[in-house]
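Next up: the structures, one after another.
Consider the two complexes below, in which chain A is the common component and chain B and chain C are the respective partners.
Up next is the complex of A and B:
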């Protein structure tokens, strides 16, 4: 009897976690796969089996192309602004010269991370407002009035205006991750480099970057997977990806298919596409982690 | 002993998990909370003033009259409301009493089978029922059963600034072609945007499209196309209609797709823009902001148009009861839609109601009375476009309308997308 409990013990510990995972992650996932073969909406008490119809519509749906393009735009811009600029910001703040002011700026840059994204989007909708917006008025003030435009009302500027908001919000988070990584770099390395006559720039490229390499991998993948799931910004700022579908993302398209156009089955099919993309990214992430450890 | 404790703790965790799942169910039945109060969940779509405050006051009044009732209220504006109510219906968490648009929107909700048929309310309380306009019940009647109690009535017309029209010698246009002439003239007189609309609000586009289709196309073709089983949207008149919409958006300028309806209304009310297509429900909001001398004209008919040139776009909104609504929710519904409170509602919000005797010279402004008269005398009323057709069709037109306004799609492109949606629905 005692032996049985002994062997059972670890499983009992794992049970709550496993139950949680199963109920909240795996069960909905399986259900979503099943749903994608049905046609139904939020109102209908019955569902009709349609086989692969939803996936056939998927191939014809031109909005997916726009949505994926926007997601990729998100990914590229986020990597440039969050990872690279975040890395540079972290390096500057960690430098001895800024020792005194660094804590203040760390807080300043990190502040947007703790503000709710809905609040940020509302604030930015005032900034982008075509008439009373801060941005247009600022441009006029410095003599660049010709650049002023209805930022969220044009298909050429709306996607980028939306992406810019995420950059402003998330850069602080990535920066903090880099700061943590940099604080772990042994000071001897910098001292040795300095004795050898390396400039600050040389030290950054030859000491800092190789030492935070793994963190660069991690942050790149966080931002890329995050880009595939963007929802709040276009949903609030451009009212679901407008004008037309110009700033739509996959997540918004899925949500609207299900809850606005009443096609739950099709939305489930879209969810599978998003799942497939993020799953592939996760596999790549695992692979890269491995290569990072081998060094 | 230690091991025993660990097992106990694990079991406690599992139990607490299931307890979490169970607690939502308790919330649902809701009635036996603290002090044995009856809880009513009320969901409406007016978080904006003055209606929000009005409903909050009605709620506290009702709670004072019925101390055993507690009303939980939730409110979300227009487009998000349409989404949230769908989520609530899907999640079995339907509020006890909630607002609904008429026609296909109501029909969809009714098709879930989770809404109470309210015929009995009209039969049980003849005195209360006699105050509600019979003509407005049709919009909530499906299979000869009434599923909603109409509350507000509404219509859409061009609101114009009489002073500006007078100043530039512009007459109220008789036809659509006249109207374009007037807009052109206003533009030449220095109004950069003689017409305005917040095109980022999808529903605002659907209101335009619905009326234009009604005016331009043969009603028989519309009947066929608005029915999801037979809709094809292939008639060339749709191109004419969409191009008419595009012509109008050309007078709205670049800002239109970046602003919402409320911003556009403020521009009109401040006298910056001479014309705007608005609902009669907005009269009071315009009156409260500025001093514009307000006039209305109906959407002008097209010279080649085949639809009824004097039909009015507009539909009632009302309240529905969830299947599990307690008796008190019915009482609350009757309380809101009573003559006294409807009168108060019109007085506070300026909105017209389907309750007889609520709209009088003492509760409504002259503008509102004029609008009331237009609604009652309309030769035919046409429901809002997004309530008249399947939502995917409406969505294709609404998004297409935005894309047309910014010059990214042509009328042909939009119609092609609509035809694809229609083909999917016919199956």
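Up next is the complex of A and C:
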């Protein structure tokens, strides 16, 4: 009897955790696959099996093309701004000459990360406001008034205006990840480079970048994955991807299909597309972690 | 005052290249800080002033905007956010550390599988589970209650928290555990009286990461809660905006109140920021 409880012991410790994971993560994931073969509404009990119909509709859905294009735009711009700018800011802040002021800038740059996205989006709806907006007023102030426009009201500028908000919020997060990686670089490497007469710029390219190579991959994957899941910004700023569908993303499209048009089955199929894209990225990331550990 | 003095003597040391970099840092800091400053400043203005003098400081500082925001609903959202955040943290800490203890102290095939399951769980996105979760919460009869947020939040934060706590537990020397066992301490006793008190730093990191998440989560908050009375700050602010129409000053005051707790938390913890992130850098 004692023996049995002994081997059962670890599982008792794990039971609450895996119960939670099973009910609220794995079960819904499986359920979503099943749901995608049905046609059903949120509030009616009838479900009809429709086979691959939902996926056939996917292929003819023009909104998906717009949504995926926006997600890809998001990904490209985010990698440029967050990974590239984040890396540079981190390198500057980690330089010895800024040692005293670095903590101040670090906290300032990180501030938007801890502010709720709804506060940030509401703030930017003021900034982009055609009349009182800071952006248009600033452009007028510096004599570029001709560039002023209703940023969120035009289908040509809305996607980029929305993407810009995400950059403003997230650069600090990626920057901190780079700082974490840079603080693990052995100081001797820089000392040796200095003795060899390498300039600061040279040190950045020959020491810093190779040393944080893995973090560059990880942050790139994090930002691309994040870009595929964007929901909050277009939902709040352009009231669900407007004008028209110009700034819609996959997650917003899924939300609207499910909860606005009440086509739950179709929304489940859309969720599978999102899942497939992010799962591939996640597998790459796991693979990376494994190869990193063997080094 | 001290800061400015510091910066002056600094400039001489920086040289031309350093000065340019310093200016870049300052400009980017302004890009971040000015909108936040504008939000605080405008939160004390009247509608007319926000509309007509965008850049100016308020002529009359309307602190009453804050009282109005608090009375018109923010207080309610605030309390809900506190309840949801504290419950999520408590759940994650207890359930997560128990699981981490098993994963760090026992070895078997089952444990390995559990570890992989945990890592897989970390890769699942809330978007993908959204619709089934919504239907599940309705079936369980907890849709539109605070539990509809608390339980999924706990589940979503568990994988990362378990992995974090486990990696810390792994560093606790085996000898301590063995000698406790000799003294007749049970496994649960070792967990609660030795492992937990010894792991305060990582538990602290877990609390902070979970707090940021639960306080700011938006997607579940707008879908799993319908009644205004139960909404948390991120989703409540949307209703708040719609109800206020043009009372922008009051809306901005509400936004400041919503952002303040986490900004204060960040200021207090700034020294631990980098260390905390290095422990939790796998996923935000």
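Operating definition for what follows: the second predicted complex is superposed on the first by the 289 of 295 C-alpha atoms of A that agree within 3 Å, B and C clash if a C-alpha of one lies under 4 Å from a C-alpha of the other, contacts with A are read in each partner's own complex, and residues count from 1 in each chain.
Here is the rule we go by: contacts are C-beta pairs under 8 Å (C-beta built on N, C-alpha and C of every residue); 3 or more make two chains touch, one makes a residue touch a chain.
Everything numeric in this text was worked out from a predicted model, so none of it was measured.
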{"item": "Which of chain B and chain C A:44 touches, first, second, both or neither", "value": "first"}
{"item": "Touch count on chain A, higher of chain B and chain C", "value": "C"}
{"item": "Partner chain(s) touched by A:76 [first = chain B, second = chain C, both, neither]", "value": "neither"}
{"item": "Touching partner for A:277 - first (chain B), second (chain C), both, neither", "value": "neither"}
{"item": "First, second, both or neither for A:259, with chain B first and chain C second", "value": "both"}
{"item": "Touching partner for A:148 - first (chain B), second (chain C), both, neither", "value": "neither"}
{"item": "Touching partner for A:193 - first (chain B), second (chain C), both, neither", "value": "neither"}
{"item": "First, second, both or neither for A:244, with chain B first and chain C second", "value": "first"}
{"item": "First (chain B), second (chain C), both or neither touched by A:89", "value": "second"}
{"item": "Touching partner for A:58 - first (chain B), second (chain C), both, neither", "value": "neither"}
{"item": "On chain A, positions contacted by chain B and by chain C", "value": "9, 13, 16, 20, 42, 131, 259, 264"}
{"item": "Residues of chain A defined as touching chain C within the complex", "value": "9-11, 13-14, 16-18, 20-21, 23-29, 31-32, 35, 42, 89, 92-93, 95, 97-98, 100-101, 103, 105-119, 122-124, 126-127, 131-132, 134, 137, 168, 172-173, 176-177, 179-180, 183-184, 200, 222, 229, 231-232, 236, 251, 254-255, 258-259, 264, 267-268, 271-272, 274-275, 278-279, 282, 285-286"}
{"item": "In the complex with chain B, residue positions of chain A that touch it", "value": "5-6, 9, 12-13, 15-16, 19-20, 41-45, 57, 60, 62, 128-131, 149-155, 238-240, 242-246, 256, 259-264"}
{"item": "Chain A contact footprint on chain B (complex, rising order)", "value": "3, 6-7, 10, 13-14, 17, 79, 82-83, 86-87, 89-90, 108-109, 111-113, 199-202, 254-260, 263, 390-392, 395, 399-400, 402-403, 405-406, 408-409, 417, 420, 424"}
{"item": "Chain C residues within the chain A interface of the complex", "value": "6-7, 10, 13-14, 17-18, 21-22, 24-25, 28-29, 31-36, 38-39, 42, 50-51, 54-55, 94-96, 98-99, 101-103, 105-106, 108, 110-111, 114, 117-119, 121, 123-125, 127-136, 151-152, 154-156, 158-159, 162, 187, 191, 212, 215-216, 218-219, 223, 233-235, 237-238, 241, 248, 251-252, 255, 258-259, 262-263, 265-267, 270-271, 273-274, 277-278, 281, 283-284"}
